[in-house]
Structures are given as C-alpha cells and as structure tokens.
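Every chain is named by a letter (A, B, C and D) in the order it is written, and numbering of its residues begins at 1.
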Amino acid sequence: MSITIDLEQDHLHEECGVFGIYSKNKDFNVAYDIFHGLYALQHRGQESAGIAVVKDRKIHFHKQKGLVSTVFQKENLKQLKGSMGVGHVRYSTTGNSSALQNAQPLVVNYKKGSIALAHNGNLINAYSLRTLMEDKGIIFQSTNDSEVIANLVAQMHGTNIEEALKATMNLIKGSYALVIVNKDKLIGVRDIYGNRPLVIGKREDAYVLASESCALDAVGAEMVRDVEPGEIVTIDEKGIHSIFSSYDCKKAVCIFEYVYFARPDSIIEGISVYHSRYQAGKILAQESPVDADIVISVPDSGTPAAIGYSKFSGIPYELGLIKNKYVGRTFIEASQKKREAAVRIKLNPLRSAIEGKRVVMVDDSIVRGTTSKQIVCFLKQAGAKEVHLRISSPPILNSCYFGIDTPDRRQLIAANVSIPQICEEIGADSLAYISEEGILKTVENLRHCVCTGCFTGNYPMEVPKEATKYLFEKQ
Amino acid sequence: MSITIDLEQDHLHEECGVFGIYSKNKDFNVAYDIFHGLYALQHRGQESAGIAVVKDRKIHFHKQKGLVSTVFQKENLKQLKGSMGVGHVRYSTTGNSSALQNAQPLVVNYKKGSIALAHNGNLINAYSLRTLMEDKGIIFQSTNDSEVIANLVAQMHGTNIEEALKATMNLIKGSYALVIVNKDKLIGVRDIYGNRPLVIGKREDAYVLASESCALDAVGAEMVRDVEPGEIVTIDEKGIHSIFSSYDCKKAVCIFEYVYFARPDSIIEGISVYHSRYQAGKILAQESPVDADIVISVPDSGTPAAIGYSKFSGIPYELGLIKNKYVGRTFIEASQKKREAAVRIKLNPLRSAIEGKRVVMVDDSIVRGTTSKQIVCFLKQAGAKEVHLRISSPPILNSCYFGIDTPDRRQLIAANVSIPQICEEIGADSLAYISEEGILKTVENLRHCVCTGCFTGNYPMEVPKEATKYLFEKQ
Amino acid sequence: MSITIDLEQDHLHEECGVFGIYSKNKDFNVAYDIFHGLYALQHRGQESAGIAVVKDRKIHFHKQKGLVSTVFQKENLKQLKGSMGVGHVRYSTTGNSSALQNAQPLVVNYKKGSIALAHNGNLINAYSLRTLMEDKGIIFQSTNDSEVIANLVAQMHGTNIEEALKATMNLIKGSYALVIVNKDKLIGVRDIYGNRPLVIGKREDAYVLASESCALDAVGAEMVRDVEPGEIVTIDEKGIHSIFSSYDCKKAVCIFEYVYFARPDSIIEGISVYHSRYQAGKILAQESPVDADIVISVPDSGTPAAIGYSKFSGIPYELGLIKNKYVGRTFIEASQKKREAAVRIKLNPLRSAIEGKRVVMVDDSIVRGTTSKQIVCFLKQAGAKEVHLRISSPPILNSCYFGIDTPDRRQLIAANVSIPQICEEIGADSLAYISEEGILKTVENLRHCVCTGCFTGNYPMEVPKEATKYLFEKQ
Amino acid sequence: MSITIDLEQDHLHEECGVFGIYSKNKDFNVAYDIFHGLYALQHRGQESAGIAVVKDRKIHFHKQKGLVSTVFQKENLKQLKGSMGVGHVRYSTTGNSSALQNAQPLVVNYKKGSIALAHNGNLINAYSLRTLMEDKGIIFQSTNDSEVIANLVAQMHGTNIEEALKATMNLIKGSYALVIVNKDKLIGVRDIYGNRPLVIGKREDAYVLASESCALDAVGAEMVRDVEPGEIVTIDEKGIHSIFSSYDCKKAVCIFEYVYFARPDSIIEGISVYHSRYQAGKILAQESPVDADIVISVPDSGTPAAIGYSKFSGIPYELGLIKNKYVGRTFIEASQKKREAAVRIKLNPLRSAIEGKRVVMVDDSIVRGTTSKQIVCFLKQAGAKEVHLRISSPPILNSCYFGIDTPDRRQLIAANVSIPQICEEIGADSLAYISEEGILKTVENLRHCVCTGCFTGNYPMEVPKEATKYLFEKQ
C-alpha cells in the first residue's frame, strides 16, 4: 500500500484567486494575460483553474482540474479569443470528486444575457439564501457560493447589473472578492469588510483586477489602488467608474493574508506583505529573544520573518532546511517509520549549517503541529544542540468562516493544549508565538481594520452557528 | 494542412441514448451495468458519456467528452458506488467547445433534494419556456433541454416528483425519453407521442430502462415492454408502477429509428428493427426491380435491406465493400484529389466480387449525397459494369424537430433536385427510393403510429417557426 | 474485482503488418500515407504502431503502444517529414511491459549509416544466431527478431545493403517480410518460402510495399505484383530493381492468411481472400450439408464463408449475431455468471431472425472453443431450434513457428479431444470442419505452395525443437 | 504565435543524476526508494526519468519523457518489483525528438545476461570508439555514451563484470559516474578523475549509490563515503567490496558542482556544497566590496553566496526577488516587448525591499547575460538606486567536455567581451566576479583536485578537437 504525501497539508489554505482584465483594443486577446495572472496567483489554489473570455458579446471558457500550466496548453489559449475576461484558481476543500463541477469561473445565462463570475471568499448565510431560493423552485448544480450570487443577480434582472449586484450585497453576508464579465463590461466587487483582497491595475492598453498585486506585475500592469470595501467597480469602453453598496463599511481585512496566504511581493491595502512578515520577525525577536547561534526559516513562508528575527537579534541567518522545488505529489509505502521519511523528501536539513548549533527556527504558523514535530526531530538528528521555535503569528484558536479552510477545532493543536505542552509535543527547546499586539504592529496602519478572528474569536460580523458550506450537501 | 475525415458525417444523427437501472440489492453496484448499457447504446452518441449513481441517498457522477470506453476506466467505475443510477451518451450538434457543460446526466439540487436526469429528444418550445423562466430570474448553465425540464420540475416542488413530472409534461412540447434518479427511486418518462423509444427490462435482481432493447441484452435483462406514450414509470423498493400524463396520447414513433438509428438487434414497439429493414429490402426489390448480377450493401447500416433485396429478387448477396472496423478519426492532407482517398480509408471496394458485375447497391438513406457519389465512383473503378442504387427509405425532404440532427435544408440533396438529377450527380446507372407506402409496410402494425415528418412534412404536432435549440445562445 | 474482456482472444493472431513507401517527389511527405497504410493494416496488430521517415538522409521516427489513430495525432504526423519511410503495427505476444521496447520500426546506426527496419514473421533459428553473436560481444536491447537481422546486416557492412541482406538470408531460417529504409532507398524482402505476404504497389508519384493489397488501396496505389519468395526489391531514384537470394525458393504461403488474418479485400498471390473464403463456404456446404432454415455467420470473419454456404445450399443467409462495432476494452466484475454476459457485450443474437429456426452457424476456425460454446448457448436462449456449426478451416492441431501466436497445444481443443466431443462440449447439434482437400481447393492455383502446418504438421522447413522466441529472455 | 519561456535556459546544465540501491531483504521492493532518490536528484535532469529493478534475476524497467513525478505513478511503482535497482534522470541537449530513445537506464542483454546501466558524464573519445565498433559490425540505437560503454563491457564477456568494467575504463576517456545492476549485484564506477560525483550510503537494510548525498537523505541512508576516482564498487549478498582501475588517478572534481549544479544540502568529497557557496559569498565581499544598503540573491541558486556576502560585509540580507515556485512551462505571445514580461512571470522584484536602496545582487554565474540584464532592469524599475552585481564564480570562458551542457563559445558573454563591457551591457552599476584563487579557497582541501576548465581552459586530460557527441549523428 502507498500513501500520498502533501507537505502543505499542515498549513491553512486559501480557497481561491481571481483575475480580470479589460483591453481597450477589441482585437487583443487577453487569454495569455489571464493565464499569466493566474500563474502568479497559483499559490491561492491548486485544484482547478479556469478562464472565460468575451468575444463578440459571447462568452467562451475552459476550466479543468489541475494546475494552471496543466489546464491550459497553447491550444486552449489560442482558442480562447476575446478582449476581456476573467480567471480563477481554486483550492477545493470538498475532495476531488466534485472538483470539476465546482471549478470556476461560473458561466451562466439569464434574462440579461451571459455572465462569467469568479469568487474568492465564503458566504455565511449561503445556506439560508439557498433554502429561500429552493422554495421558489430554483435548482443548484454545485456547492459554490458563486451559484447563489449568480442566482440573486439573475433575480434582480429588472435593473442593470451594477444595481443588481448592489441589491445582492444587501442580501449576502460573508466575504467575497468577485470579478465578473458580461457581454460588454468587467466588474469587480469587494465585500463590505474588504475581508478578501482585490486590487486594480492599469496598463497602457488595459485595466486589470486581481486578488493580489503580484498578478499585476506578472502582466506588466501598475497598481492603481485596492478596491474599497463595499465598492462595485465597472470597467467598460467609457473607462472605470464605481458605485458603492448602501452599507457603512467597516474594514476588516484578513490578517492571514499577511501571515501566510499572499505572495511576499504583493502589496495589500498599502502594506507590503514582505515587510509585514519581516516586521513580525523583528517583533518576535524583541518579544521572545533567545541565546542562539543561527536563525533559520521553514521555507518558503517563514523566510521573511526569519530574516527579520536575524536582523533584530543579530543572530546570523542561515539556510537550515532545503526544500525540494519540484512540487507534485509523491508516494511512499505506508508505515509509521516511513512517515518520517515522507517529510524529508520535501524538506532536508542542511547538516553543515546546523551541526553543533543552537538554532532559532522561524515558521509562520502552527496548525496541527505534526510537521513542526518532524522538522524539529530532523534538526536534532542533524546535530542541532538546541531548537527554539518562533512563530510569527499568534496561536490559531478558532475556525475561519470567511474563505479559509481551517481544520476542525479538535485538530488545532493550540485550541486544545497549552503552549508549553505544544513545545513538549513538538520536541523544541523553547516555543514562542508573536503576541496579538505584536501581529497588529506588523500592519500598524491597518491595526483597526483587520480580522483576527482565527486568533481572537472576534469576527467582523455575527457568525451564525450553522454558518458552514458543508450543510449544502443535502440528503 | 490536414483535414479530419468522418465518414459518418453523411448520415443523419441520433442525439442521445439513455439508460437507467434499479437493483433491489442495496449492496450491489450498478455502475458496471450502466457502463455496459451505454456501451451497447454507443451508436446513439459518441461525443460525451456520463453515469450518475445513488448511494446512501447521495448522487455521485462522472461525465466527460469521449467514447464510453475512454470516459470510464476501471478506476472511475470502482468509485461510482450505488445500487441505482442513470447513464447517457450524447452526440453533440453544437461543436466541441460546449461538449463538456452539455454532457449528461444533468445533476441538480433543488428543494426536494438531488436528481440526476438524462434526456433523449428535443423540446420545440424550450426557448419560450426558457424565456418565461428567465423572466422569473432563473439562470441556465447549458443549452440542454434537460435543464429546462429540471427547472420546471423544481418549480413544482410542492408535490411529489411524479406529479411534478406530470405537470411538467403539460408545459413542454416535443420529444423526450427521460430517465431520472432521485434519492430513492428510478423514473422513466416518454413523451405523449412516444416519439423517442424507451423500454423496460427486468433481471432477477433489478429493473432496467433503456433507449433500446439491445442494452437490456447487454446487461442480461429480459424485455418487459415499451414505456407507453405519456407514461411515467416509477421503480422503487415497492416495485414498478406508473401514472400517465393527462393528455390523449397519439403515438408517433420516429420512423428513422427503424431506418437507421437503432441497432438491428433492438425491438421497438414490438417490431424487430432488423426485420423492418429486411422487409424494406424486399419491398424495394418489388417496387424497383433491376436486372443485375449481385446485391451489395453499404456497410453496416444497409446490410439487412440488401439481404432482403437479395432474397426477393433472387440476385445473390455479396460483400462488395469492406469497412475498416477501427473507428476513430483519421487525417488526410487537404486537397481535392485526396478527398476521394479519404472515403476509401474507411470503405474499400472488393474488386474480386464486383469486377464485371452489374451491381445493386443498397443503402439506408441519402442525406447530402457526397459519400454515395464517391462509393459509386469506386465501384466503377473496381470494374462494376453497372451500379444501381436502391435506398431503403423515401427521400429526406424536411428537417426534424424531435431530436435528430438534420442538416440545413439546402444541404439535403433530395430537397433541392429531382431523383433523376440525384442519380446523375451520384453517377449511378439507376436510383430508386422505397415509396412512402413501402416504408409504412415495413412497420405494418405501427403504420398509423409513426412520425414520417422528414419524408412527408407531416409532424405529429404543430411545429412553431422558431422551434430550434440554436436560438438559445443569446447575445 | 473486475476483469477485462477481449473477445478476440479466442482467435489466432497475426503478429505484424508492414508498410513502406518511396516518393519520387523529394518535397512530398509520406507520413500521412504510411499512417493510412497502417490504418488499413491495423487488423494485423493492435498493440503498438510506429513510423520512420527519411529526410535529408536522416531518419526520424515515432513509435508507441496503442492503436494507429492513438499513437499518431496531427502533431506527430506533421513533424515526421520525409519523402520515403516505413511503418509497422505489432501484436505483442509477450505482455504489455515490453511492448514499448519491442515496438517497431527498429532504427539503428551502423557502419554504413542509419536504417529503419520493420518485420513481420518469426525466425526459428534466432536463438542460435543470437547466441553466436553474443559470443562475439554483441548486445541486444529487445527480444525482436528484427534486432537479430539488423545485427547480421551490420556485420556484413563490407558490401552494399542488398548484398548484406542476401548474405543475411543465408543465415536466418523462418518467415520474414521486411521493409527497410536507409538514407537513400526503400527495400523489401520476402523469405524464401514467401510464408508472410508482401506486395508491391505503384502510384503516379510513388512505389509502395505492404503486407496486404488493402493498404495499397488505402493510399490510392495500384497493385503491381507480390514480392517473390527470396526476392530483395530495391526502390530508389533509379526506379525499382531486384536481386534474389541464392536459394531455390519453395513457395509455402501461410494458409491462415486466407482463412482469417488478411482483410477480405486483399489479394494475395493472385487469389482474392474474399473469394477463397466464399469458396470455403461453398465446399463446406457440399461436404457437410444440413437441413436447416437459415445460415448465419460469426461476424465479421465468418461472413464470406457463410454467404458461400448459403449460395451453394440454397438456405437463406441472415444476420444472426450483431457485433458491437466500438472496439476497445470493456470491463466486467468477475463472477462465473457474468462471464456469459461478457461475450454478449460484444456479440448479441438477433432473436427475430433466429427464433424457431434451425440455424447453420459458419465460423472461420475454433481455437479454444470457449467463445463458440457461449455463442451457441445464446442462440439457443434466443430460440434457435437447432444450431449446426460449420468451420471453414480444418481442425487446428499444431503450433505455428512462423509468426502466428498459437496457444499452447494443451489449449487447442481439437488437439485434445475428438470432433464429436468438441460438438458436445460446445453444445451444437452438429459440427463439421472443412476437409484438408477442401481448404486446398479454396486456393486451387496455390495448392502446392501453401503452408498448412497448423492443420497437418507438415512445415516447409525443419522445425528445431528449441524454435521459439520465448527462449530469448535469459536469466 | 506564442513562444515558450524557460528561465533556466540562461544557466549551465548538468546532464544527469544516477541512483542505485541494493537491499539485503529479497522481498523488499526498492522502486519507491529509487523514486525518492530520483526526486531528490530531479535538479540534475528534467527531460526523462527511468527506473530498472531486478527480481528473480530478471530486469524490469520503465522510462519516459517527463519529470519523475509524472513518469512514475503509483501503478508503475507497484509493478516494478525487485530488491535492487538503478534509476536515472536526464537533461537532454539534443532536443525532444530523441528524448525517449536516449532515456536511461539502458537495459541490454549480452552473453552474460542482462544489465541495466545509468550514466552521468561525457566520454570524449566516444566517437572514435563507436567508429571502431561499427567497423566490427556493431549497431547503435541511441546517441548515448552509455551504449558505447555497454558494448565494451559486452565485448569483454570472457571475464567477470568487474574485470570487464576495468578493461572498459582502459579504453574510455572522459567523465563517468556509473551505476549498474546485473542479475545479482549492484555496481558503482567513478571515472579516474572523479570528475562526476558519486557517493555511497548505508541504511540498516540496504546499500545506496547516488550522484549526491541529498538523495541518501531522501531515503533515510547515512553517508559512508565518496566512491574514489577509478574505483569499481560492487555490492552483493557478500557485502561491499572494490577494485580499482589500473591507472594512477589524478582527482579533478568538477568545480561547478559546488558553484551551481549540486543541491546545497549535499556533501561532495567532504565539502558541504552550502558551505562552499557561503564561503564564495564571503570571499567575494572581501575581494569586491561595495557601499550598499542591502544584499539580495537571484533565487534560488545565488542565495547561499548572498548570505555569505551579507555576513562578511555587514550589509543586511533581504529577499529582493520572488520566484514563482510553480515550475512548468509557460507561454507568452511572441513580441519584443513581451520578452521582458516573460522573465517577470518567473521572477518578480520585491519593490518594498528595494525601493530607494543601493542593492548588491549576488548570482552564481553568468552564461549569456540575457536574464541578468532583464533582472537588473526590473530592479531599477522597482526603484533600486544602484545595482551591484557580484558573481560567485569566475567568468566562464570555455566549453565543458565532461557532461555539462555549455552553449557555443560565441554565446558565452565573458568569452567575447570584457567585464566592463558586460557590466554596461547588463546595465549594472558595478560588476565583479570572484577570482580564480577565491573560488579555489571555497573548496580549500580540494584545491588541487578540482577541474576548473570552464574558467581556466586547463582540463584534467587532453581534449581532442573532435570531442563532442554531436558528431554521432551520421548522415
């Protein structure tokens, strides 16, 4: 028997990345740009990818399970002709079997024609809305929130699409960054808390919308600004203009975008993701100093904080763990002893840097603790005299309801045992998390505008008990 | 440059085959049986295939572009666990790009739970119904009639599914053979004209529904009877029972099932397809005799009529054309001269049987006439002294609105030129079609209960001018 | 658990088909023609396919496991540029694992440059020759006889390739039809018995070599003649010319090409394959008449003989069994009862033609008898009053050493039990094989020039005891 | 039109990685271990991968084009049963078309049975040896040196395999690290200069041979030692033992393994690859200091040297460029302007770290200079005030003849223009390479035992003018 190894399993997961582009040149094909944009956003979702483009007021699309570079070959891109379009990458939480029907963009026809819609986020009242619509005789073909949103927009067909979206926003609760194309415009929507990121970029010939600014860079576009919470941005032949939802918007950007999800080269709400992580390292060094010889990171996500820790503490930064850069599933034969080897296939300690050293190992977060335990074990085997674990986010104590795949609370190690117990379980010589105050300092200007629910249990909105998409699958 | 050759292109095409099975044994997996049923119905649709099964009141499904044996591998079948389910094969008329989203069974969730629905036929008022529903804010994700039907059923959720289907039948016009599963039952529905075939079969452990009886044979089931026009058959743990739509049903079975679509080993409405074709050959020999040395068929569809022609005329039957049995697309470099060779790749004249002979060549129908022309040319090159073409169906003069892919009237050769002109164009020494009376004799007991619209223009129901699914694709 | 069904397993199997073409036009690409030629020869081998072409004195090739239409896509064909080349289809007897390295054409470099070689046949002294060469330090990368031949040719590099082939023919024993290209010529070779077929064709612009004439038809070439036993045909810019091996050639063409292997539209040694089968049916009717209502065939190979039987006996020919035309592997769940259903998936009795009838069923041969038994059983279930089995070849009593995959003698039913016992085992009401004299009459002009070893044990050459390729795989 | 982007193209390329394992437990399957070993060596070759295992004295193998994780699926690994075996990853220099026939391990049968052979390196007298053998009538099926070696071994079959290898080493010139299995033993061979690395590892149950020690870590084996130059190591049921070639061995390990090829966590000849790179950074800082604000690396290969530069210079290390970690080919539409964007798809400057800063950018080498130029351009666009390029290897002035794919000398920028000119071309504010003395210090203990031919033109052996494998492809 063999088992499949996925080192990333011990991290929280973003569920989606979205991208949209509108070219002023009607003869230009945006499919390559969307491809590059999605490739830059690949870290936000690896299970399926899709692109929809508009040509002569008709939507053409292709979506499949797999990585962007697998789903889209030259042939597919060549056939996707159109001067505007949207794309989506998705990390599925519900298993392979439903990956295809849940792949986005969702393309639907309604009274006003066709739209393609790509969504990042999670609606907490989707179940109630779905029930209401089912009472009216509506059918659903997926378990995507996007289908709920598309149905609401379709029901409001008496008005234009922007007004329909505004009305929809009055009904839906939760997080959402949406990019939508219909026959003649590209629209971007961000929820009233701005919980999920969405930015606007500009190139000589085109406007771009993307989950992260790194995707703007990938297509040669300049950052214009973030979409505002509650804003509906429309891009068409008249240019760019916006309307706002009728709500007061209380900004509550997901802090975990800074901690782990976003690429370090992205800028969210004016704050460099790299810089915030680097700062976290510095603060961690201040809050939890330790007498040690070297600072190492768990690559790649722990690296900026490790560099920051090194800088403030003066302890030299070294490469201590080498990550095999060839992603893709690997297999091992199942047996307890082999499990250990499984992590080493992906991550190998660099003995010559570690041997005889007192090591500070910086990681971005601890979810279940299983991988951390194995890495500490390897470092000791490789001759580390001491291993001091420093985590650049506070303990994860609560589930997320806004688009992050958090495991069941019983699997969150910090929700179940004390920090000293975690330290013992992991086998580290010491363990410290950054403080809640500390993490807020890393995003200083946004300190009152972030959602820290996973650390504090304080969510930007009421979280109803039944708030979970898993209820959708009825008997 | 290269072009793709498809010899079948010069035939009319069925658009779908459906199959359903309900096993009394809850632990039995029906996926293999559905696979074999679809494999037996493969001639009814080669572009996509799908299977949906029900296990513990949940629907699992897999559908893809491709032949049944390509779409389903051991792995897929193993994962499709459930003791009842439905399957579908589809011939797409709308090109490859939309093949995947139009693949069936259609699986939807609605107020009452999930259903999987497979449809063969065509609704002539689908566009009007869709418009009505779009006015109510309904969205559509495909151009399938099945989605219209599923929405209507969902709107009638106040009653049980059989009553909802009955009410739906009061709204839809056109042809439909449906198989549906929900959480606890298998349902079969045939339109009020019985235009598309649907039969009931029985095995010790299971009931079966299928487009043709050859699929019952494939799973070891015995034929019970045809589903009646307007009948809704329900199979569940209480056994089999039916209700009927409220309409008087005027039976109008598609005559082309006998002429070409159905497999010769199928029995439709008590008439053997093989026998009716064989009869057509006999009648053709009677109506249009010719002094000749041998009778040959255009394989495989013309063979039963050729055998019948031989029997009545006393002219010996011979193999005159050998068909390459390895289906699959082939390529040739594009050039007028090579086009000729293209047909020969699939069909080769058997010189030793033909040389110096006066040949009667029996085929089931002529659509565009291009392939017939090439075959006659080959036979002459192979030394045939004369080639007399006998067609076992009357001239095709009209489009079909009930599920058959007929080309534009301008491409139907018989709708544009006289029979002598066709004969000249094709290069045959004589050409005769069976008479309308003749074709009716081949299905004698059903003579007043068949649709011969493609020959006569007399359709069983009013055909509105806009009756075509191509209108669905809005701007 | 599931098992794979292959209805063809109860037939003898040809092991290869070869094709070569030389165009006078240096700018013409022959890859499409080779593709079409191999497609026409697909029945001779379905496990792997390969094409090698020569452009600017360099050989380019592509070969893979799978059917011709799978192995070669537009892309592959486009890349295979060259005005001459060879192709090969192969039926592997040694299992999937080695299919790839044994795929042909074999492309090798030697003293004189590169050659691509495709072989149909079997060398009975390959093992001895291999041993001799291994003693000289030669390595082998496959278990193909072709590699033995290529090595012998390379060892004779002191002379030109035709002389090298002539010298090679003095060393090898067994059957071989070879097509070879080097940098500037196409060569065809047939063994001194002419055991395996090889024909020469001509098109305005090109010469063609092929295992069967049906492949000439597929590329629009006219038959010129068979390659003679022991002949080495060279085609180059000077035209076509030949030399002969130094042996007296005693022609011994494989009789089974007429019985089953070759396509009915092929002409071998001036005899139409269709005609010889048709004759076999007539002779069988004469030798073993029976009072019956209809004659049917086991499709497709038994059909010509069935038509012949019908003609002579006056008993009408009918379609009695419908074969599913979609080839490809199918799966069933393993269980004794299901085994029966397995054959029916591929072959369904046509009840309306059979019911209440006394049936003569004509088949080309019986190998193990298992499929025949199941078919007879189906016919009886479908209502046949009597089933009389007539076989258009004599009983197969011996193994073939010349390129046909015969099962172990213990599995040859006729080698183990008497004809009445076979009849009883199969469940037929009577069973008769054509006589040895009868089968010779079907190829009258060739009567003294055929190998009937599988029926009579008389082989055209001494068959050494160790004559089998299975010995190659050393420990 | 679209072009394919491969950022790695502007680096030198290793051509192969080899791996072998012998388990004492006859029932243990080593395929998974070989898979993990090759996965760890994937950086040494990405075009094809192969595994050969020995079970019951027979060799089974599978090789294909593609990455290790693509070529080997669970199914393949499950079928590869055997308690010893070898594996190979290959970077092809000769284009896709020949990738499959050149894939290794090479499996051949010869007088003494079967062997599987995997080779890293390049023979400089392969052409002459091939010519000699062709004169004897030997054929070749690939352009691999491995086939030359296998033939030589086969010719020496009068003695045992170790002696045959020893004799072979007397004939071949060039670099080679070989792993070989025959029916009962695993053998490792390193050329008399030890130019290509090969290490021995040990696990409780098994011995392991690998190109790099990181592959030992991947399978849980401990490093034993490097194979010695000229050593032939045999591992069989009697344990491990060696013999030596008859030559005096002058060690000349490839310096570029330390500079770029090997993984940083590997130990070669007792020197940590990471450490040597880190030292190179330190020495570079010493030799070519610069007044700057931050040190960044070109990921991932420049990172250890950048950390070393930072440490010695005291200038803080920062992440300045983010590499998209999803490998795989990407496409862009061809146009000059887009070429720029092409690099950015793989590598994005981290503006927040760079803006307004004087940047030292450390890279391992410059080949053509095109990528460096683009990166410097991006950094300036991202606001870098100055960019000082520091290269941790001396200028590459000469081709490699020992297994490294160096471009034509005309494409080596340093071989054509002066360092100041390179600096200007690239657009950097300053440019410095480490000195030859400096690079030797990074491998101090090995200073007299490295090959620095690509920098100095001093090769460990005479390099004949015709020394190139490209000559193999004859007309």
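Observations on the structure shown:
Methods note: contacts are C-beta pairs under 8 Å (C-beta built on N, C-alpha and C of every residue); 3 or more make two chains touch, one makes a residue touch a chain.
Only a predicted model underlies this, so the values are computations on that prediction, with no experimental measurement involved.
The chains in contact with subunit B and with subunit C alike: there are none. Shared contact partners of subunit A and subunit B are absent.
Note: centroid distance subunit B to subunit D, computed from Cα atoms, is 59 Å. In terms of their C-alpha centroids, the spacing between subunit A and subunit D amounts to 36 Å.
Subunit C and subunit D have centres, each the mean of its CA atoms, that are 48 Å apart. Touching two or more other chains at once is no residue of subunit A. Across the complex, subunit A meets subunit D through its residues 2, 29, 32, 35-36, 39-40, 42-43, 67-70, 74, 77-78, 214, 217-220, 263-265, 267, 272, 274-275, 278, 300, 303-304, 307, 310-311, 316-319, 322, 324-333, 340-341, 344-345, 348-353.
The residues of subunit B lying in touch with subunit A in their complex are 57-58, 60, 79, 97, 101, 106-111, 113-114, 134-141, 150-151, 154-157, 183, 472-475.
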